[in-house]
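Each of the next two complexes has chain A plus one more chain, namely chain B in the first and chain C in the second.
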Partner chain A sequence: MSRYLARRLLQMIPLVVGLSIVIFLLLAAAPGDPVDLLIFGNPNVKAEDISRLKRLYGLDQPLYVRYFKWLRAALHGDLGYSRIYKQPALSLMWWRIGNSLWLQIPAFVLALSVALPVGIYSAIRQYSPVDYAATLFVFFGVSIPAFWFGIMMIYLFAVWHPWTALPFLEWLKLPAGGFSTPGVPEGLARLLDRLRYMLLPTVVLSLLFMASFTRYTRSSMLEVVRQDYVRTARAKGLSETVVINKHALRNALIPLATVVALSIPALFAGAPLTETVFGWPGVGRLLVEATLGGDYAVAQGIIIFLSTLVIVFNLLADISYALLDPRIRYD
Partner chain B sequence: MAVIAAHRPAVEEVVSGQGYWAIAWRRFKKHRAAMAGGIVILLFIAAAVFAAQLTPYEFDQINLYNRKAPPSSAHPMGTDELGHDVLTRILYAGRISLTVGFTAAFVSALFGMVVGGLSGYYGGWLDNVLMRFTDIMFSLPDLPILIIIARYIGGRVDGIIFVLSVFAWMGTARLVRGELLKLRTQDFAEAARATGASDTRILVRHLIPNSLAPVIVAATLTVGGAILSEAALSFLGIGIQPPTPSWGNMLQNAQDFIWTTPWLAIWPGAMIFLTVLCFNFLGDGLRDALDPRLKI
Partner chain C sequence: MRSHWRWPSLLLAVVFMLGSTTLVGAQQPGRPASGPNTVVLFTQQEPSCFQPVADACQLYVSTVISTLIFADAVGLTEQWKYFPVIAQKIPNLKDGDWKLLPGNKMQVTWKLKKGFTWHDGKPVTAQDWIWAWRVNLHPDYPSAGRDVAERVENILAPDPYTLVVQWKKKYAFANISVASSGVIPKHATEKLFRANPGKFDQAWAVDAPTVGNGPYVLKEWQKGSSITVEYYPKWPGADFMPVNPTVKRITYRFISDTNTIIANILSGAADANDETAIPFIQGLELEQRLAREGRRDYLLTAEPGLVWEHIDMNLDNVHLGIKNVRQALLAAINREELVQQLFQGKQPVSHTFLPTKHYGYNPNAKKYPFDPAQARRLLAEAGYTPGPDGILQRGGQRLSLTFVTTAGNRTRESVQQILQAQWKAVGVEVRIQNQPARTYFGDALPNRRFELAMYAWVFSPASDCEGLYTGDTIPGPGGTGEGQNYPGYKNDEVTRICHAVPEELDEAKRVQLLRRAQDIWNEDLPVLPLYVRSDYTGHKTTLQNWKPTGSNTPPTWNATAWRWAR
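== the complex of A and B ==
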């Protein structure tokens, strides 16, 4: 196991370096470098000013020199400076990731707490009405465009909200988007205010996780309940609860652990579409804005951070697999 | 996830003497959701092809005297803020979405087959290089990268198709590689080699056709995925550009008017949802029909 780990860790290095080169080239070769964007629409800038600026920012140097300079700075924790937000890219990125986690973590927890019981029940009672409903739900969840679902929720809860005519449902009118109401005092009031803004985007995000987790739980459980040792457990007279909880479930959760580990990087990636629909200042929306606005230091930092995270969690998923399932040996 | 079909292999299928495709078709017919999905997709294709005959309006025909009109008999889906007939734009947008979806699925299936084929058949260092490349492509967060690349393309349909294909071939490559690893040591491949067939002939005539089932299923699911991605890019304003209608850019436009004309947001999103849902049903049905053990 330790040799396998060492090999995998070593393999990660060229993978991350390769990724950073590809992403750097993609962004550096994009039409319009930072100076072009800076002087765009300003007729007073002369040609010598442009070349002076390009020299100042090092944009006249060959791409490989620029890449190594960027790499050195990045390894020292300097991702550059955001052109749009006028602050260091790294701290901007952390702040936005923090905002994204406000939505992602509750969505993730909600998804798991629905998907596990539904997936298990639907596998135990295969072909039952609940199973059909769950399967249909999974198909709907993976097919629905999150941005449309978000807009429909905004319409329902922020624009139309017919139920507010009822006295006990008056409070169920939610903001159409944004992050918080200005001027709400610190403390509990602010938290409650934030919850009202979080509710709709969390539900929308959660649906996507929920659909795929339900699907994996169900198929993994289905595979396990057909195994001989489950039949043996039943045959020796164990109660159905013990058979399911102690024998089947524990094995069915192994592949699910992998799926969950692999979805964790997505938490940090934010949700470009959902965050855009709800005007949530998360990292996904930051990436969209940075890309559209030519804020390459930010876009580059975010993408390389996310890709590295994906690679690391791929490894963690493989390790968790080996730890949970003694039949799997790496060497 | 084969519940909807509830397929259980029956004995007479094995002894009926029918060919592989006839058996597959019989199984497919039992999958009601997939049949329904297939029929709806055929209807949508027909509607997209005959868009010009189905509606008296042009997709870029504006009428400032009839803006934001609610659905009526003249405009079954209403009109938008410039007086475009929404139904007309939905139909023409369907042309683009379906073209993008089918072409991207075809191109990525082809590319995945080439990569997976080379990797699985030759093995060794080539397999190592190709599979590490596939790993890199898999580990890229696709939507963010799509957003970056889409900037280069500036809303051209062929560019969008290319970008979506670049991020959709990896699954097929892995599936084909896995199939080939199984197939290449089997007797029929050995027999072909013994008769002196070239590598290309063995690959193209014997191995690839036998690994086609997962490719077809993956490609069907890719059509839906590509339609969803195109809609997402257009929704963010970096995909298909107005005045060319696309379900994604219609939806982006409609979000601004959610307070006054909510129906503008309903139609394009419902079309994306329905189309993607049908392709997912179809893919599920094809998987059950062609190879029920397949895990996609």
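== the complex of A and C ==
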């Protein structure tokens, strides 16, 4: 196992370097650099200004020189500077990732806490009304676009909110997007204020997770409950609770653990659509803005960071297999 | 018993606390969203910094908020009249504070008002303008706006409240700004700049507090969410920018999604929105919706401005090099109907390269009303005959053109489809081949790799045609020089006029020159003028004195004059 781990860790190095080259080249190969975009539309900018700015930003140097300069700085923890936000790309990235996690972690936890019981129940009561309802919900969750659902939620809770006619439900008028209310003092008041802003995007975001986790849990559980060892457990006279919890569920959770592990990089990637609809300053929105605005340093930093996370969590998923399932051995 | 109730009680407590943080001010239509002393404005983008040196912060929203925090020598009203802010008066030739000197040079003397202070209490002096100009011209400073600053030879300060600007050559707009570089506090920024001039724009945004001299002080910046400014009690006031405003606090909220901004407007959480908040088409839809629902609490206004939507024709193309073809293309399209159908007439048809609000606009320049018969006649005169597929041809070459614009821009794509159909009706085939903005602006236009290209120029009240239609500024392979004459238009008289306009100090003569240039240009027609874009700004009708300018001066220019109706 340790040899396997060491081999995989060593393999990661050329993989990440290769990825950084591909990402760097792809971004640099797109026609038009940040200076072209900056000056366009302004008839007063002269040609000398364009070439001077390109020289100042190092955009006049050959691609390989630019790459090695970037790599050397990146190895020292400097991912460059955001031209749009006038901040070091790394600190901007961390801050935005932190914001995304404010949404992603509660959404993830909410999704798991609903998906697990619903998935299990609909598997052990297959073709029951609850199972049909759960399947319908899964279809709804998988197929509904997040931006549409988000806008509907905003309309319902921020614009229409008919229930606020009742005095005790007045608080359920929620903000129509944003991150916090200006002027709210720091501390508990700001935390509670943030929770109000989080409510709608968290629900929208969790719907997607919820649907896919429910589907995985149900199908995995369905497969397990038909196994011989479950039948044996029942034949031994064990109670249904023990059969399901101890014998079936433990085994059914193995594939789900892999799915969950592979979903974790997505938590750090943010959710561009949900973040945009709700005006949440997360990393997903930042990546879209940086790519469209030609903010190379930021776009590159985020993509490379996320790619590395995917590689790492793939490894962790493989390891989790071996830990959870004694039949799997890595040599 | 107690343990059973512990969790529900906790839950109720959280619900109660959440409820108690409901936004103050009830967010009811027409009422201020956040109290009678505050205005909450919505916009799409978040600024990166507020450095007023030659728009170094790049985003328009930086200018919008900078206008609250920084004041300059001169301001611009919604009527496009310049007025003195920190300057005692606007220099002019008649009073002798704007002098012509031998060798085509000139000198402009500015007298500054006393009593203006930076927000750290230090006085605003002539040295602050000189400093901003030097920063702008420093070779390592990444400024994209040096065109005017480079025309200045030197700036002297005989005393702290007098500026003498020496110009290398004549410049027509020498009295609308000191040296077109803004003003920054020398005492607060000099050390930072000298440490690393190339990164000054970045350093000031991150490492130093923003010290302004305007009517409002930066109070709080919640990154990703909002910026709040508060009235600066030592603001001495100026015309249109009075002291002691009733609006003591302005909060700018950044929401990147238009639909979410609209939801905030509908829910009463937005007191106003700037030009960038709602794109035109969605603004139009919102305006109609508010009218349909009989809501008079929020007023949206579309103000035609200085953004000119047009189609460049590449004059190197075998068909587009022929004047008759270019004129026929314009006569074949019904622009009046187009702006009515798509924009309900709120983005007016443009007939020449200057927007109608521009001082040099020529209302009598040749117009091309919709006349398909005339279009066919012009094409027939040029030797075009219908081919077997109905498309015109000449010398075996079909009159088929590619038409490019920014992919994903819904408005432009709708315009393209209408024009394509109308051109087909006169026998011209147009193939739409849109490109992403980066490819389009970064490659296709500068290298003149297009046949028909639709985009917009953003003018200022002082813009002219130099660089755009001068024969020595055709970029790309085989061009005549660096510049933005993408059609490749060459006309000696227009070139001469366009170079002369910025140096003509007499406005009446300047108008004459620009009108003459438009006469020639409209006859040659290197570009198809389409319409002048309008921007929607909005405000609660109870917010008074909201006066958008329709220029690059943002609606915050007179914020100290805003007030809530009782």
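Rule of thumb we're sticking to: the second predicted complex is superposed on the first by the 309 of 331 C-alpha atoms of A that agree within 3 Å, B and C clash if a C-alpha of one lies under 4 Å from a C-alpha of the other, contacts with A are read in each partner's own complex, and residues count from 1 in each chain.
In the analysis below, a residue touches a chain if its C-beta (ideal position, glycine included) is under 8 Å from a C-beta of that chain, and two chains touch if they have at least 3 such contacts.
Bear in mind the structure is a predicted one, so any value in this text is a computation, not a measurement.
Applying the stated contact rule after C-alpha superposition, one finds that A:P175 touches chain C and leaves chain B untouched. By the document's definition of touching, of the two partners only chain B reaches A:G18; chain C does not. In the superposition on chain A, A:M1 makes contact with neither chain B nor chain C. In the superposition on chain A, contact of A:I151 is made with both chain B and chain C.
Looking at the shared chain after the overlay, A:V109 reaches neither chain B nor chain C.
By the document's definition of touching, neither partner reaches A:L9: not chain B, not chain C.
Touch criterion not met for A:V65: it reaches neither chain B nor chain C.
When the two structures are aligned on the shared chain, A:L192 is found in touch with chain C, with no touch to chain B.
In the superposition on chain A, contact of A:V277 is made with both chain B and chain C.
The wider contact with chain A, measured as residues touched, comes from C rather than the other of chain B and chain C. Where the contact sets of chain A with chain B and with chain C meet, they give residues 30-31, 151, 154-155, 159, 176, 276-277, 292. If you check the complex, the residues on chain A that touch chain C are 30-33, 36-50, 52-53, 56-57, 81-88, 95-96, 99, 151, 154-155, 158-159, 170-171, 173, 175-184, 188-189, 192-193, 195-196, 276-281, 285, 289, 292, 294. Those residues of chain A lying in contact with chain B across their complex are 15, 18-19, 22-23, 26-27, 30-31, 126-127, 131-132, 135-136, 138-140, 142-145, 147-149, 151-152, 154-155, 159-160, 176, 215, 218-219, 265, 269, 272-273, 276-277, 284, 287-288, 291-292, 299, 302-303, 306-307, 310-311, 314.
Of all residues in chain C, those touching chain A in their complex are 15, 17-23, 27, 34, 40, 46, 48-49, 57-59, 139-140, 142-147, 198-199, 201-202, 205-206, 220, 222-226, 228, 251, 253-257, 259-261, 263-264, 266-267, 269, 437-443, 445-446, 455-460, 463, 467-468, 475, 481-484.
Chain B makes touch with chain A in their complex at residues 1, 3-4, 6, 33, 132, 135-136, 139-141, 143-145, 147-149, 151-152, 224, 228, 231-232, 235-238, 251, 254-255, 258-259, 262, 265-266, 268-270, 272-273, 276-277, 280-281, 284, 295.
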